[in-house]
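Common to both upcoming complexes is chain A, partnered first by chain B, then by chain C.
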Partner chain A sequence: MPNNSSAPAPVFYAKNVTKTFGHGKTLVKAVDDVSFSIADGEIVSIVGGSGCGKSVLAKVMLGLYKQNQGEFTYRGKAITDTRSHWNEVQSVFQDPFSCFNQFFSIRSQLKDALNILKVKPSKAEADARVDAGLMAVNITPKDIEGKYPFELSGGQMQRMLLARIFALRPKVLIADEPTSMVDACVRANILDYLMKLKVELGMTIVFVTHDIGLAYYVSDRLFIMHEGKIVESGTPDEVTQHPQSPHTVQLLEDIPEIHKEWLKR
Partner chain B sequence: MTKLLKNLLKSPSFIIGMGLFLLTIGGALLLPFFYHVNLGLQASSYASPNGKFLLGCDHLGRDMVSMLIEGLRSSLYVGLLTGVIATTLGTALGIYGGFKGGWMDDFVNLVTNLFLVIPSFVVLILISSSLSKGRSLTLIGLIIGLTTWTWSARAVRAQAASLKSRDHIALARINGANTFRVLTLHILPYLASYVFMIFILQVASGILSEAAISMIGLGPLDTVSLGTILNDAKNQGGFGDGMWWAFMPATVIITVLVFALYIINTSMEGVFNPRLRK
Partner chain C sequence: MPTFEVDHLSLHYLTRFGEKIQAVSDVSFTMEQGEILGIAGESGCGKSTLVNGLMGLFIPPLYPTSGDVRVGGESLMKRTPQDIRKNVLSQKVSMIPQGAFNALNPTRKIKDIAADVIASHTGGHTSKKDIEARLRERFDLFGMDTERVLNAFPIQLTAGERQRSVIGISTLLNPQMVIADEPTSALDVTTQKVVIRMIFDLLEKGIFNTMIFITHELPLLRHVANNIAIMYAGEFVEKGTNEQVVFDPRHPYTQALMGSMLSAEPGQKSRKPVSIEGAPPSLAKVPPGCRFAARCPVARADCKTQKQELRMVAGRLVRCNYAE
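Presenting the complex of A and B:
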């Protein structure tokens, strides 16, 4: 934290942010007039069903999309220089199978990621950081030596994406459904890794998911999204115990029974 | 990659196509070492095939086998030249427009469509006939290449646009890759097999276009091509009186060459696109 007298600017600040695709009759409002702010060190989950605009919002935060209307800032500044933005804000994407370029080895792609850093590590240091990243997700660096993306399983690939984050050590992580493609056991592991990231690196994490049960366990705050709008937000307990929006109720009802019993207690 | 190659070598049509193509290339490159190519006037007009002139002579009494070897070399040269020009230009524009989207894409599309609606063969005729002097083989190749790149641009654009929203592109971008790196390292490799197939078709269409334009008398003035042999046969009465050697061998060579390229393309499509596999 910079030592200045005024209150630090929030990590993300959105005011009436709208992101649309297409024009005329085919106009789609993916994100519709959304306002929020996320403080340093928070874990915020954006929860919603398919096509509610949560991934688009995540990409706006990443600077991959630019909002059409409204104000969006990162630590008080609009995202203009994407390179320096990605130096601090990084992401784990949804589909681990399509995340890597199949023509290059995993290791070379993990090393390639370090190019985004402002202070470029030396070759030896880059190798060491990639090794440390792999170790952090319980993968022996030797095991993936010379391997290509299609030679790994979905769970392993998902862990490669997390290894990339451990190697990069960003200040903010936007995790877009990092557990959607893996089985329950690997999912628990991945959540462990995410918590480890938060504790070790003091990261701010934005967790995008369709699973409100999962979000309940990991987050400090929940945003419920529906058709591009944030229909409800609050602490996990507030949102799950006293849902205000029918869409939240719907999401809660869709959790498998065993969780529901647990939540009602 | 090696697996793809193995699959290709298992496909009989690929073997046949490649065999025929290598045969013609080999003929063009190696035959001059074994056969004395002589384009001089050596016998009487339209001398029939005999022991000395295996495929007879043309209207000027030039040895037909020598003419065909020279013509084949010219046709392959034109084909490769137009193939390289049309594929490079089309791929570069298509991949850039498809990836960038927005007004850049609209602009590239506009230019492509403009070129696409102008019948390239007419342009070819107009340019060729306006250049009555110094119409060389290279110039003809350049003109064909510069008028036929459009459909490779279209095809590549569609493919690049479908790749653009893939996660590995987003990951490459947040890894800090610039547009050039994304295009060359993260999109082009995925399209490589496709671009190669386009290249083969462009070579084939280049050979055909050159033959057609030469056949109607607007071909290169500096050399012999398979098309100019046909043009000579047409203009100098070679189509009559059973003088098959005046036009038949050239026609067969063009047909075999283009046929070989087309079945190479079809068999590659079968291997690269598993949905078409039987």
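Presenting the complex of A and C:
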């Protein structure tokens, strides 16, 4: 691992990370010999089709899965204690409805989330932080007072997940398809909030998505994944304009763009 | 004669508190043989309710308010769901649902699910052997491993294969009209292309020839549809040809929708997608004037009170009194 004393350790560092499921005949290599490093304050997108292993890689970053082989570190240390890891690394998941317990009010769940912090805020401070988080995503705290998850729409729920991030103020955010459930105009909204977060908190963000358009718009660097391997990485312009790997070319060709011939009829 | 006619169709839901939710208001259009109509709009704008209405399938709490739907001159209104299921669905109008996984019975093989469709519409006179031969013949067109797919349970197939099987089952009886309700929104871009290609293949082979394609992705419609209708809060706000709507939108909502698109085309990185603030109006209390007025960037003083009608603007229909 690169431990020259001058440069700070990268946020995430992976060397030959492999994560497999099953064994023998049913062995599946979800992440296959992946190496990369992500610096502080960077926005990186991991792009790939369904089943390419991008979500598994995100879960490795969150400490939810442990790699079978290779080395994976967060700021120079292996992830051992997930609770303290989640203090700094938080995520937005794909399906907001399965992230909230439907038996508790949203507000109480947002407040509960603050318990993960090392220094637990006082009651008044917790309330203030939740309010600030909600305001940041354009929702007046009064609107969700006493509301339960099933009373909100998909777009609103996805914003609740972001409000939680605003309240928690993590150092790193892993966003696993944060806009998969919403239509284009709400998607633009959510991206606005995320960019606001990034500016306000100086966060490192890892996007996991199959939408290369979104990745191109938000990120500093793109990783293209295919069958568990990172087949290409580079700046958005490099990757989209001079793709090297055939998988990237394929991915780019498959997006229906308005000004491009997509499917010959 | 047009294949498919929709005449001032309005649909509403009746809640158990006696509240009337006007999900679709005053939708009219006609479709000719071979036409593909795309309908786009954000979540909750009434796209899926409209689909049920177009099939004539009114299951409470959905009720028709007024209007008529005709397939080949035959009205689908005022018929029981049983009648519609037996005589209309699959044969005249067929639907491709959104979630293929939810549409397929997880405990049965694809061939059994498909055989049911044939058996139930031929009165059970066809022998099992004939049905299987027919299935094999049809599934051979889809470019999949026919034997493996037919003998698989839904869980054993990939998402793309599942969606293609569902399309195959929906079109088994050569319907005149196919309604595809977000057939690809759960798939990644590569699989999406495969599925769209299959749909065009079926069109080319004449298995069906008229289609309504519903999605919230305008760039996709650009490549699929001949004509596009944009829906907002239960109404068509703009309807024109593909090029007219995508490249030269006239209704403020269509313009906003186009502005919120992201794309990976070169030189687009600096272009910020514009989000539309606010939310669509509640359909339980329909506003008297323009339904988009509260969010419209160019709304005028009387927009909120004045009723808007569809009118011709630059060769397409637009529901805005001030669009030009």
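The criterion applied here is as follows: the second predicted complex is superposed on the first by the 253 of 265 C-alpha atoms of A that agree within 3 Å, B and C clash if a C-alpha of one lies under 4 Å from a C-alpha of the other, contacts with A are read in each partner's own complex, and residues count from 1 in each chain.
Definition applied: a contact is a pair of C-beta atoms (placed from the backbone, for glycine too) under 8 Å apart; a residue touches a chain by one contact, two chains touch by 3 or more.
Since the model is a prediction, treat every value here as computed from it, not as a measurement.
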* To do: Mind checking the superposed model to see whether chain B and chain C fit together on chain A or clash?
  => fit
* Asked: In the superposed arrangement, does A:100 touch chain B (first), chain C (second), both or neither?
  -> first
* Go through the superposed model and pick first if A:31 touches only chain B, second if only chain C, both, or neither. => neither
* Asked: If you stack the two complexes on chain A, which partner ends up touching A:115: first (chain B), second (chain C), both, or neither?
  -> first
* Return, as a multiple of 10 degrees, the angle whose vertex is the Cα centre of chain A and whose sides reach the Cα centres of chain B and chain C. => 80
* Contacts of A:212 with chain B and chain C, given as first, second, both or neither -> second
* Asked: Is A:230 in contact with chain B, with chain C, with both, or with neither (first, second, both, neither)?
  -> neither
* Figure out whether A:172 sits in contact with chain B (first) or chain C (second), or with both, or with neither. => neither
* Asked: Is A:160 in contact with chain B, with chain C, with both, or with neither (first, second, both, neither)?
  -> neither
* To do: With both structures superposed, pick whichever of chain B and chain C touches the larger number of chain A residues.
  => C
* Touching partner for A:189 - first (chain B), second (chain C), both, neither -> second
* Where chain B and chain C come nearest after superposition, their Cα distance in Å -> 12
* Common ground on chain A, meaning residues reached by chain C in one complex and by chain B in the other -> none
* Provide the residue numbers of chain A that touch chain B in the complex, in ascending order. => 59, 62, 64, 82-83, 86, 90-91, 93-95, 98-104, 109, 112-113, 115-116
* Structure fact -> Seen from chain A, its contact residues with chain C in the complex are 49-51, 138, 153-155, 182-189, 191-192, 210-217, 236-237, 240-241, 250-252, 254-260, 262-263, 265
* In their shared complex, at which residues does chain B touch chain A? -> 166-168, 170-177, 185-186, 189-190
* Asked: For chain C, which residues count as touching chain A in their complex?
  -> 42-44, 158-159, 187-193, 196-197, 200, 216-220, 222-223, 246-247, 256-257, 260-266, 268-269, 273-277
